[in-house]
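Chains here go by letter, A, B, C and D, matching the order in which they are written, and residues are numbered from 1 within each.
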Amino acid sequence: MLTIMKSELLVTAIIFLLLFVKLGKGMKNESMLLLIQVLLLLNFIAGFFFNTEGILFDGMYQSTSMIVLQKNILNLGVYLISLLFSSWFKRSEHMPEFFMLMLSALLGMFFLISSGNLLMFFLALELSTIPVAAMANFDLDKKRSSEAAMKMILTSAFSSGILLFGISLIYGATGTISFSELPQHLDGTPLQVLAFVFLFAAFAFKLSIVPFHLWTADVYEGAPMATTSFLSVISKGAVAFIFISTLYKVFQPMQGTWYNMVMILSIATMIIGNLFALRQQNIKRFLAFSSIAQVGFILVGISSGAKEGLSSVVYFILIYIFSNLAAFGVATAIESQTGKENIDDCKGLYQTNPFLSWVLALALFSLAGIPPTAGFFGKLFLLTAGASTGSYFFITIAALNMIISLYYYLRVIRAVFMDKNEQPVEKIKIDLSAKLGLTICAAGIVLVGLLSWIYDYIQ
Amino acid sequence: MIEPGLYHLLFISAALFFIGVYGFFTRRNLVTMLMSVELILNSVNLNFIAFNKYLWPNKLDGVFFTIFIIAIAAAEAAVAIAIIINLYRSHHSIDVENAEEMKF
Amino acid sequence: MPNATYIALIPLLPLAGFIMLGIFGRKYFKNTSGIIGTTLLLVSTGLALYTAYGYFFEYGKVDGVYQKLVPLKYTWLEFSQGVSIDMGIIIDPISVMMLVVVTFVSLMVHIYSLGYMKGEERFPTYYAFLGLFTFSMLGLVVSSNIFQIYIFWELVGVSSFLLIGYYYDKPSAVAACKKAFIVTRFADVGFLIGILMLSFYSGTLDFNTLIATLTSPESNGYKTAAAASFMGVSALTWGLVLVFIGGAGKSAMFPLHIWLPDAMEGPTPVSALIHAATMVVAGVFLVARLFPVFAISSPGALSIVGYVGAVSAMIAAVIACTQTDIKRVLAYSTMSQIGYMMFALGVSKYGGEEGLGYTASMFHLFTHAMFKALLFLGAGAVIHFIHSNEMKDMGGLRKYLPITHITFLIACLAIAGVPPFAGFFSKEEILLAAYQHNPTIYWIALITSGLTAFYMFRLYFSIFWNKDASPSPQGEGRGEVHHGEGGFAMMMPLVLLALGAAAAGFIPFGHFVSSDGKALESEFHLQFSILPVALGLAGIFTAMLLYKKQNDKPDKIAASLSGLYKAAYHKFYIDEVYLFITQKIIFNLIGRPAAWFDKNVVDGLVNLTGNTTLKISEGIKRIQSGKVQQYAIYFLAGVIGLALLFIYVWK
Amino acid sequence: MNLLLLILTPLLTAVAVLLMRNATQVRWVSFIGAAVQLVLAFALFFAFRNERMAGNTAEMLFQIQYNWFPAWHISFHLGVDGISIAMILLTAFVVIAGVLVSWNVEKMTKEFYFLLILLSLGAYGFFISLDLFILFFFLEIAVIPKYLLIGIWGSGKKEYSANKLALMLMGGSALVLVGLLGIYFNAPEKTFDLLTLSKSYIPAEVQQICFPLLFVGFGVFTALFPFHTWVPDGHSSAPTAGSMFLAGISMKLGGYGCLRVATYILHDAAKDYSTIIIVLSVIAILYGAFATMMQKDLKYINAYSSVSHCGFVLLGIGMMTKTSMTGAVMQMVSHGLMTALFFAVIGMIYERTHTRQVNEMGGLLKRMPFIGTVLFIVGLCSLGLPGLSGFVAEMTVFMGSWERPDTFSRVATILSCLSLVVTAVYILRAITKTAMGPLKEQFATLTDARWNEKLAAIILVVGIIAIGTAPFWLNDLINPATEIIKQHLMIPTPID
């Protein structure tokens, strides 16, 4: 029992610890941040030990080695966030609260991943959403921040409404809400399809799949950078994991339906995401749309509906965490120093900050899927998994979308490396932990691909 | 005076759902929009109860689900209100159309 | 059997000279390079003569027939089984004869240039190029493989290109060398395709095998070649004609002759070597090399050769009568003489008495090399003395240039076919051959020979007699600038060549060179040669009347037949036609459109794709309106859309 | 001989370059690296010859195989045959020349050399990989360095060209990727291994789909009409070494891929498509030549002529006789050396005259005899002069094409022969206008090549002449390999 729920318990413990420390007052931000980072690191390391599989609460909660791995990937992501945004954390006076919220959201995701029952799933989903809305509002004095939070909370409330309606219909149609029993009762009647579409929409909303993606860009832009990265990496990852297991296990009988649905939406997502990303000036917004396009790719992998699909998606999420966090880390470094967050502000960055530029370049190449960065392998395996179903039209579109995405990633590269600039961003001082974080990300981007045993481990 | 059947209830809940949706689409006041969401949730509750009572009377999943939904709705509302208040601070209005700074 | 190594040395020594002078010349051999080149060539001339002696008098003849010996042959590039480019040496009468001619003339030119090119800035380069040319020409004549001959064919082309463009800062020279290269290149493509066809049908590139296959009616390659026909003509004929186009290009046959007159921009010794004696006869040599195939398997192709030759001879002679630049006159006379050789081959048959034309053609090639080289070198001496190519600047030079005068006279007599000079014998044989087989060509040839005598002596008189030699355009004092005729180095070759031009005719040529290798008795018919000789003398006397003394008769005559004169003077406007085709047609109708198409259509499409994408992305940005309620509407629309799609359409 | 050396050397060089302090060290380190590569290439060449002499008739020699992503049946499988060796030699030559030519790059020297070396790494890996996945991996590695080279050190409308190049090449590789996946999933056993695939049966309809994808995909790299438009812009705005690598190495990746992957594995479809390939390549040959005739800028001239010359590569592949394919490979090598040298010379001239417009030059031979001479050599090589590499390659292609007895390929061959004349026209125009004619007074003070430039030029000239005068060694190297491919194709052998 204890070891089965280990990750959840650890996170809860950390939350309470933070709570007491906070109540205890008298601790400076720096040391507090250090403490948190240490705790998270320990949490991450602990993720590798005492992993036991099992089912609790009459199937409401389940844990397998794969699930543990997924949770640990998220742990890693959170740890990296705590490193990368240190400068921002140190400045904000409510830092512990932010972490409490983030960790409770993480807790929610953990439950989400190992939920074995629609009720549990719903609760976990809400738990992983509502705190994020609060986090989005964390720049209390910024208008955009509150607007973002407002958009987030309202749309997510709406989507959870839809989700619940779907669940209720499923309940009505099958009389059960437990994942283990549902497959027997599903046979693709119109009512069930309707219910499934409602459910799917909720997933799509969280994963920001077209046409349920519209909140994404605004929220990403308005929210503080830490929140944005959390949203774009961690919560996406979590939802992708549960999405896969739901589709593969629960809605197995309706695979014909959801395969087509996934395919259509994936194409739409890639195209729309790319087309919007082409025009963006604001880095956060740019990354928002690029991440939408990335989700399109994830869907390609998901569409395979087989074991490869799962492993390739997990692998990609891991890589995606490194790449995207690296990009956000660089962006936040620039932003916290100069307050600029536009692509044009990066012009001539290379002249003054080679380190940041190279990390950014690595991250973007990885996102674009250029070897030898890990992104290449991630994308390739997604495509391969997708191709296993044999619809080459789909794969060709995906492959061609890589070109468009390359175009806008190169836009940034060009701004950083090629464009002349009279007064480029002055030399940026990055504090140790941020540097550490960036280095970890860079190392991850390079190594995760080349060291094939990582992929085997995931498998 | 006839005994209300499943379909009556489902009809009501569907009506509630769409009223809620309509309200959410058309209302400009954030709090009202929040209320419309509550309507949607309530229609869901009605669904669960009805299904539970008429289709699967021997299991209580639906009822429990309803209870949890109510609880969660409260939590959601709390955070939402907080955010709206904050929005009021910064925008000096809770009109949704004043918060359209970020677009395209 | 001959010793391959020293035969191989004949071409390789000049090559060594080229490499040495080409790489280190301008550094180490600034002045000595001339000597080096000449000595090397002296050695290979010796070797060539030795080979000739050995071949003709020792081992060449096996029971009365001169053999085709292949002392050296190694595979250079193998394409497929049996089809390979071999680098080899073939030793047979014509190749040996060519070896002698090439080395001898080249040696003369080397020596002559010692004086003529003295003090040139790029003296070493000049000798390097000469070496390159000599190497390629020798390689060409000993080629044992049709592709090998093509290789050296290109090499002589490029070395002539380099030598014509020797004065590279002179725009006219640059234009000339470009023209020469491109025109011959164009012809070479024909040659190449011809090679491809012949090699395909004979299944080999080796000369002996190829000739053997294509001349034996029962060989299966021959059958397919004769059977496969295109536009009613057998593939074999096509192949041979294409090969002949290559030859025509190099040998400046009409209508591919336009490069030759311009080629006179090069240094005069070069013109003597390349554009008179050796390279330009390569075409004749090629046809002679493949003669059995022409004669036995495809008379049609052979008759084409004949007529092209005759026409070229005629036209060139007419044009030559009107030119005023002495080198151009000589150039056209070269073209005309090569025409003789060509149609001699054209009218010939294979084997025995019938093969007289072949022998005659080779004979004329031999003698022509002598007297034409001599003419050019003489002209060189004149130009060297007077610093101009124009007749009008000359006259009465016999006092200043006695040796040149005499040798030049000998050469003129030789080319005019006056007995007992060399030209007489060879030309007689040619006319005889034509007379026997093709009357039309015979008459053309006869008239041409008259014209030849006329324009040559027009040249001779207007250089050495005509107006008395007092002050010339260059003004006084030229005597001091050049001490007479430019020294021993320049005179010695003239004398030697003059001897050749005078005596070469007495060689019993038919004994050595004949179409089938058997000795051919060339008997001498007095009654037959009366007419041509008479015509020749007539030409000479007309020339004397018109040009010995300065007078206005020539202009009168020119005026009287102005139309013809103008046309001839403008070389019958052939250059203009070419210019029109290349500039107007090729450039404007193909090149420009291609470039435009690439710039606007192909490239345009690419850019279009990019821009459309950007436009679309601009167009759809309104979806992201920033209105949270609209987002929700899209959300619901999506849900309903999907539901409908999957419930009703896509079950 | 361990093939990993070929990958490790550039890798270590690149790392070393990054560690260096100042530009001089960087230059020397990368020069040493390049020299080592050259030595390795030759060592490999001789080792290979000895193996063959010793009667080792295995299709691929020096194979090594490590497991890599076993889940996807990917293995790090290396091995070489004659074709790969030829390409490796070419790469080594071009790399060292490129390093030498860019000796006086002052702007971001370290990065410049780093990218150059990275590019060579990609090329080597591509040529020796026997696993389609790593082949693709190395193919894409080579793209981004080009983009940066052009974008950062380029001239003219460099951003545009760099973008165009990167996107078009990426598009090409995207098609390749789809084709590879198609093969992967439809082969009897799921594998990326080239040798296995070449021997295993792939359904005809799959071949029909995958072959065009692969061929066009690789074709984009080697300027297949009408996907060649990145070539002129890319080459003209790249820095000298950049253009050398682009035309000398990168375009060859495509040709090699077309031959080794598309034609070799999907041989049935290859036969069906050969007509289309031939048509496209003949168009490329003539059209490229005529387009070149109209160019004024030396770099554009060479770029367009590259389109024309690479047409011969594709023609050779499309004709699918052993000889023609040998010719195609020879043409790749020859064109690689030749065009690299040409770009090097253009770079030298531009650096001195600060113009690339032929009309603004003249008489340069007087002031810079060395550069002028090299310009002549390379020009003559380009128009196919015997004794230089171009002639050998083109003639082999022609002979090979002529082995196909049908009228269509006859016409195609004859048409492409005609391009020889056009080539002569534009090359002579370029050379004569640049090097010959009266010397313009503004060039009266120009200086001749420096030692590094001389060395670079000499290395390449030696290569060109070595092939041109003694083609048999190259021929013997390539023939067995093409023979094997030919046996896969089983086109009816010519009547002779």
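The rule we apply is simple: contacts are C-beta pairs under 8 Å (C-beta built on N, C-alpha and C of every residue); 3 or more make two chains touch, one makes a residue touch a chain.
Quick caveat, the model's predicted, so the values are computed rather than measured.
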Chain labels contacting chain A and also chain B: C
What is the distance, in whole Å, between the centres of chain A and chain D, each centre taken as the mean of its C-alpha atoms? 43
So what's the Cα centroid distance for chain A and chain C, whole Å? 78
Please work out the Cα centroid separation of chain B and chain D, and write it as a whole number of Å. 66
Take the average of all CA coordinates in chain C, do the same for chain D, and state the distance between these two points in whole angstrom. 36
Shared-interface residues of chain A (touching two or more other chains) are 150-151, 154, 158, 162, 217-218, 279, 407
Quick one: which residues in chain C touch 2 or more of the other chains? 610, 621, 624, 626, 628, 632, 636
Where does chain B touch two or more other chains at once, residue-wise? 24, 33, 96, 99-104
Strictly by the criterion at the top, what is the full list of touching chain pairs? A-B, A-C, A-D, B-C, C-D
Chain A to chain D touching residues, read off their complex: 308, 311, 365, 370-372, 376-377, 380-381, 383-384, 387-388, 390, 392, 395-396, 399-400, 402-403, 406-407, 410, 413-414, 417-418, 452, 455-456, 459
Per the touch rule, the chain C residues reaching chain A in their complex are 610, 613-614, 616-618, 620-621, 623-624, 626, 628, 630-632, 634-639, 642-643, 646-647, 650
Using the touch rule from the top, collect the residues of chain D that touch chain C in their complex. 164, 167-168, 226, 228-229, 232-233, 287, 290-291, 293-295, 304, 322-323, 363, 365-366, 369, 380, 383-387, 391-392, 395-396, 398-400, 402-403, 405, 413-414, 417-418, 420-421, 424-425, 428-429, 432, 435-439, 471-472, 475, 494-496
Spell out the residues on chain B that touch chain A in their complex, using ranges where they run on. 17, 20, 24, 30, 33-34, 37, 40-41, 43-44, 47-48, 51-52, 55-56, 59, 61-62, 64-65, 68-69, 72, 75-76, 79-80, 82-84, 86-87, 89-91, 96, 99-104
Residues of chain D defined as touching chain A within the complex: 67-72, 74, 133, 137-138, 140-141, 143-144, 147-148, 151-152, 158-159, 162-163, 166-167, 170-171, 174-175, 177-178, 181-182, 184-185, 209
